[in-house]
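Okay, so subunit A shows up in both of these, paired with subunit B first and subunit C after.
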Partner chain A sequence: MAARIDVRKTYKLYIGGAFPRSESGYSYIVNDAKGRFVANAALASRKDARDAVVAARKAFGSWSGRTAYNRAQVLYRVAEIMEDRRPQFVQALQQSEGLTTARANAALDAAIDRLVWYAGWADKLTQVVGNANPVAGPFFNLSTPEPTGVVAVLAPQESSLLGLVSVVAPAIVTGNTVVVVSSFDRPLPAVTFAEVLATSDVPGGVVNLLTGSAATIAPWLAAHMDVNAIDLVGVAGEQELATELEVAAADNLKRVRRAPVAEPDWTASPSLDTMTDFVEIKTVWHPMGV
Partner chain B sequence: MGIDLTYAPAPESRSIVDLKASYGLFIDGAFVDGHGSGFKTISPATEEVLAEVAEADAADVDAAVKAARRAYSRVWSRMPGSERAKYLYRIARIIQERGRELAVLETLDNGKPIKESRDVDIPVVAAHFFYYAGWADKLGHAGYGEDPQPLGVAGQIIPWNFPLLMLAWKIAPALACGNTVVLKPAETTPLTALLFAEICQQADLPPGVVNIVTGAGETGEALVAHPDIDKVAFTGSTAVGKAIARSIAGTDKKATLELGGKAANIVFDDAPLDQAVEGIVNGIFFNQGHVCCAGSRLLVQESIADDLLERLKRRMSTLRLGDPLDKNTDIGAINSAEQLARIRELSEIGESEGAERWSPACELPSQGFWFPPTLFTGVTQAHRIAREEVFGPVLSVLTFRTPSEAIEKANNTPYGLSAGVWTEKGSRILHVAGALKAGVVWANTFNKFDPTSPFGGFKESGYGREGGRQGLAAYLKTEQGGR
Partner chain C sequence: MLAAMPPSPTADLTGLSDVTASESSLTRFLHGLPGVDQVGAEARAASLATRSIKTTAKAQALDLAITMVDLTTLEGQDTPGKVRALAAKAMRPDPADPTCPAAAAVCVYPDMVATAKEVLGDSGVHVAAVATAFPSGRAAMDIKLADTRDAVEAGADEIDMVIDRGAFLSGRYLQVFEEIVAVREACARPGSEDAHLKVIFETGELQTYDNVRRVSWLAMLAGAHFIKTSTGKVQPAATLPVTLVMLEAVRDFRAATGQMVGVKPAGGIRTSKDAIKYLVMVNEVAGGDWLDPDWFRFGASTLLNDLLMQRTKLTTGRYSGPDYFTLD
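This part shows the complex of A and B:
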């Protein structure tokens, strides 16, 4: 009996809650860790990046305006759906990162646990990094963190799921919206993550996922005047490109999380900086007794 | 009838200040000659030359950074926080003791009214050193890990509008956290920083912990570009802030940038109008409007605009402009000829773009740099005086009908440093304060500063905070865990 012919898939982008193809029409071949064909992924263009920024900006007001409790619930729900889709993630991790089943499961566990950890921060970070200030006068004075706005995230190239969750969750849990450029060689866990988001309660536009080359797309995001911050971890070790992006980011004084020399160990416990680098402290004064 | 109600002159004596003919750079605990050509600093109120000041070239900056590095690695970073604290307390005390001298010198060099340098600048400077002195041995409780470490050598560049106050905002937290500093004061206002250097000597601060290099933009560029600084702290224009961000790209240097602003001061129809008028005047005419967080865009609800403007004009007519050393002066001199030209240019553009200009009858002194308190009505959001930072006593008045329109107009700027809200309705204050994209929101008050209260901007007003517990993060390695 002849072997069945596979239905080969071409994955799409995730922008504003929808799954468009790249406006450029281009896609690229994604191979597994052993170099065998797995699927095609959309090759995002600069126009896709701009569309994603528009979607992220549109979603910002309502997402940042939600109660912290609600954002926590929404993120926790994402973790629940990831649990539901374990086999799909495990397969994607095995293909992308060449992991054994046990290691792929461990990476997925860590990613889900990381998401749960960040979800819980939604209604706590304000208490930990904000405070009342005892000014020398009859004034009520309170400092609280607020989301910076639209954050461009260059997701790590190697850790395609744990790394991805570790850069997306801290940005959105505080109320930012993000435009993410996934790992170029390992985009499938990100694509699966986008499918999870689409069926979760995360509003469209809060997370926009572009598959493609950071070197191609990132300069447009770094120079975009409606992007407020950028995380460069996805170009770790690429000093020249990282510097170019940081220079471009200065055009509107984006908050920059610099590229490390090498991709970090994502299994380490995260620092609060992952969240506080993309919040702004606002201080409100009001007279008392007059 | 016939009673003379004009003010008699009440000048503060300048004899308390011992002005030297020339000042050197302060490097490694001693005053030394600079290798640049030197420059004069003048009183903007009279154009009188106050002193010759040394100019630091790249070699001088290098010597200062080396001194700071030595002091950092051999002395300051090893010293227990409790000991660093005592040096800072000493400095704070000396500032209080020499407060009058510092106030007069500040007013001479900057042109600001003595009542502001005496009652605002210098007391807040002392308070800032007291506040951060107390943090030096409590950093493990600040929320940045159990034993947070300093960054190293900080290069700090400050503006001319609050010379000594900006120095305090930079130096006090840096030293408390265990860093050493090289600070460049503004070219037009170097004198109080040099008097501060004397205070460091008087406090027996170890040599090299604080270094002061005077000069203009090139000196600042050399400092920012120096490979052995770990941190840049800058207060000044957004254009220079962007240049600094580009210049340190790809390095490990951390930066805090406190830049320009175009703050909206929003007055709702239920605001206490007389208090609001005082707040508007304080918001834009304090320090001649040379304030990055000045309330330079008045957004007034349409239904009360006529009433408010009438009261505002009446109040503006009572402002006294003149000798900054006179204790009754409200508005002093514009800091420099260059800044005066900028204010004049933007005001002329305001008129040519169709806004209506008004100033009270106001006699300007014949010597020095002066600009009358000015307001523009009929301003639209597209006018340059509504978009660009004038950094002078010039108020643009716009109107709105609904709270959402007020918020939209207030946020329609690349800046996001500060904002004001005037209304008697508490829930409206909290709603509007929450919606404004600004680092500091003053509700039913304006231009209040305190060492415990973090200050800094959203968007193109820069990043990082100065003051408060959050101000420590600018001078500590805060990354405690993984990513």
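This part shows the complex of A and C:
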């Protein structure tokens, strides 16, 4: 009897809650840590990035308008579904990062815990970074953090799941919507994460996931006039590209999280900056009493 | 700027003059038109939609599309302020770029014509008014005519009338024909140029492509300057296959009579990509002569902003966003 022929998968993008092929029609080969073929992934083009920004902008109004409590519940639910998909994530982590089963499980645990940690912050961040300001007059003067809008996220190249969750969760928990460019060499955990999002309660368009090259797509996102902020951690160590992106981002005064010299250690406890970098402080004056 | 509109198209209907002599001859003629191959029309429209228009051709197409936009607001909540803002936008769609051409017209309800005219003056941007009990077309004939005369008196350059779909679908073709002729007469403006007549079919209610072909000929025989797909109040509004059938009709009408009639798809065209698909189809089906705001228009409101964003993308090299254009 002939041996069974493998199904060679070609994964797709995640834009506006749907899984389209790249507009360009291109895909690229994804190998595992040892260089063996695993699957094909869609190679996102600038037009996919454009479509993703449109989807993210469309989703922003209702996502940012939800109560913080509700956003927390939605993220907790994502964590639950990640638990359900444990075997798939562990396999993807082993393939892409070359981890042992035990280490892959530990990395997944850390990613899920990170998501739960950020979910908890949804309705607490305002209490910590917001303020009732004392002013010289009979007014309540209240400062609260508001989401900045559409955030372009260049996800880390090395840490394909923990790193991804550590940059996506803080952006969306405060009410932003994101366009994420995944790790180029290790996109499969991100693809599985997109499948989790699609089957969870996260509305379509809140997270849009592009697999492909940050060097190709990022300049378009950095220059895009309808993107409000950009996280450059995915080009860590590539100072020339990072500088170019910062210059492009200055055109419409995007908030920029600058590229570090090397990829950070994602297992370390995150700081609140991960969330406050992508919020605007709104201050309201309100007459006091009568 | 729009060139002066051509003379009346009813001038030469040699060979077609007896068609409209009676209900039965008109019915015989309209039912004698060849049937539309539905699958073929849809496949042809879909294949024309796959053309790739890039770089300089795209820049040209975007500018052409902007000059063809009938910027439309037909809401119960329209205010003079909104109409003034829209008229200002039609004249200078992109205030940041003086090379951006003006739109063709603003399309409003008759009571807003004077307001729009006040802003537009002699800028070359026309005022189009919907008349004849828009959008349903269900009113007595004298009311429809009074509606039209009102708009013409107020200074409308173009009248968008709706046909009586009930009469058309029940086969009373001569009644529809006579209504169009009467409204065309009501468009007359003694001592100055007559208002031009666009005839709206509301193709979403006509059921078949055969009916679209028949009503196109009916309206052209009655002297329409333009034939228009929809009011925008009924779904589906303009579609590529319906517009294809109408473009074939104006092409064939010119071959038969020598007269050109314009086409205006309206409703549901929201993106530059869609607009360019229509332009490709105009060029391929009717011919390059129709690639002119005198002969082809888009009835749209949100389309203009997308055209402007694409135009800005081409000139600046980066994607633009809705924050940089007016809300309308």
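We take it that the second predicted complex is superposed on the first by the 287 of 290 C-alpha atoms of A that agree within 3 Å, B and C clash if a C-alpha of one lies under 4 Å from a C-alpha of the other, contacts with A are read in each partner's own complex, and residues count from 1 in each chain.
The criterion applied here is as follows: a contact is a pair of C-beta atoms (placed from the backbone, for glycine too) under 8 Å apart; a residue touches a chain by one contact, two chains touch by 3 or more.
Model, not experiment: these values are computed from the prediction.
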Query = Since both structures carry subunit A, what do subunit B and subunit C do when superposed there: clash or fit?
reply = fit
Query = Which partner does A:Asp226 contact after superposing on A: first (subunit B), second (subunit C), both, neither?
reply = second
Task = Report for A:Gly120: first if it touches subunit B alone, second if subunit C alone, otherwise both or neither.
result = neither
Inquiry  = Looking at A:Asp251, would you say it contacts subunit B, subunit C, both, or neither? Reply first, second, both or neither.
reply    = both
Ask   = What is the angle, as a multiple of 10 degrees, that the CA centres of subunit B and subunit C span when seen from the CA centre of subunit A?
value = 80
Inquiry  = Per the contact definition in the header, classify A:Arg50: touching subunit B only (first), subunit C only (second), both, or neither.
reply    = second
Inquiry  = Under the stated touch criterion, which partner chain does A:Pro203 make contact with: subunit B (first), subunit C (second), both, or neither?
reply    = neither
Key: Per-residue contact with subunit A, leading partner among subunit C and subunit B   = B
Query = Counting only touches as set out at the top, which of subunit B and subunit C does A:Phe139 meet: first, second, both, neither?
reply = first
Inquiry  = Minimum CA distance, subunit B versus subunit C, superposed model, integer angstrom?
reply    = 5
Inquiry  = From the superposed pair, tell me which subunit A residues show up as contacts to subunit B and also as contacts to subunit C.
reply    = 251
Ask   = Which residues of subunit B touch subunit A in the complex?
value = 127, 143, 238, 241-243, 245-246, 249-250, 257, 259, 414, 429, 433, 438-445, 448, 450, 452-456, 458-460, 462-463, 465, 468-470, 473, 478-483
Inquiry  = Touching residues of subunit C toward subunit A in the complex: what are they?
reply    = 317-324
Key: Of subunit A, residues touching subunit C in the complex   = 50, 53, 57, 220, 223-227, 248, 251
Inquiry  = With touch defined as at the start, can you tell me which subunit A residues reach subunit B in the complex?
reply    = 128-129, 131, 133-137, 139, 141, 143, 148, 166-167, 228, 233, 239, 242-243, 246-247, 249-253, 255, 260, 264-274, 276, 280-287
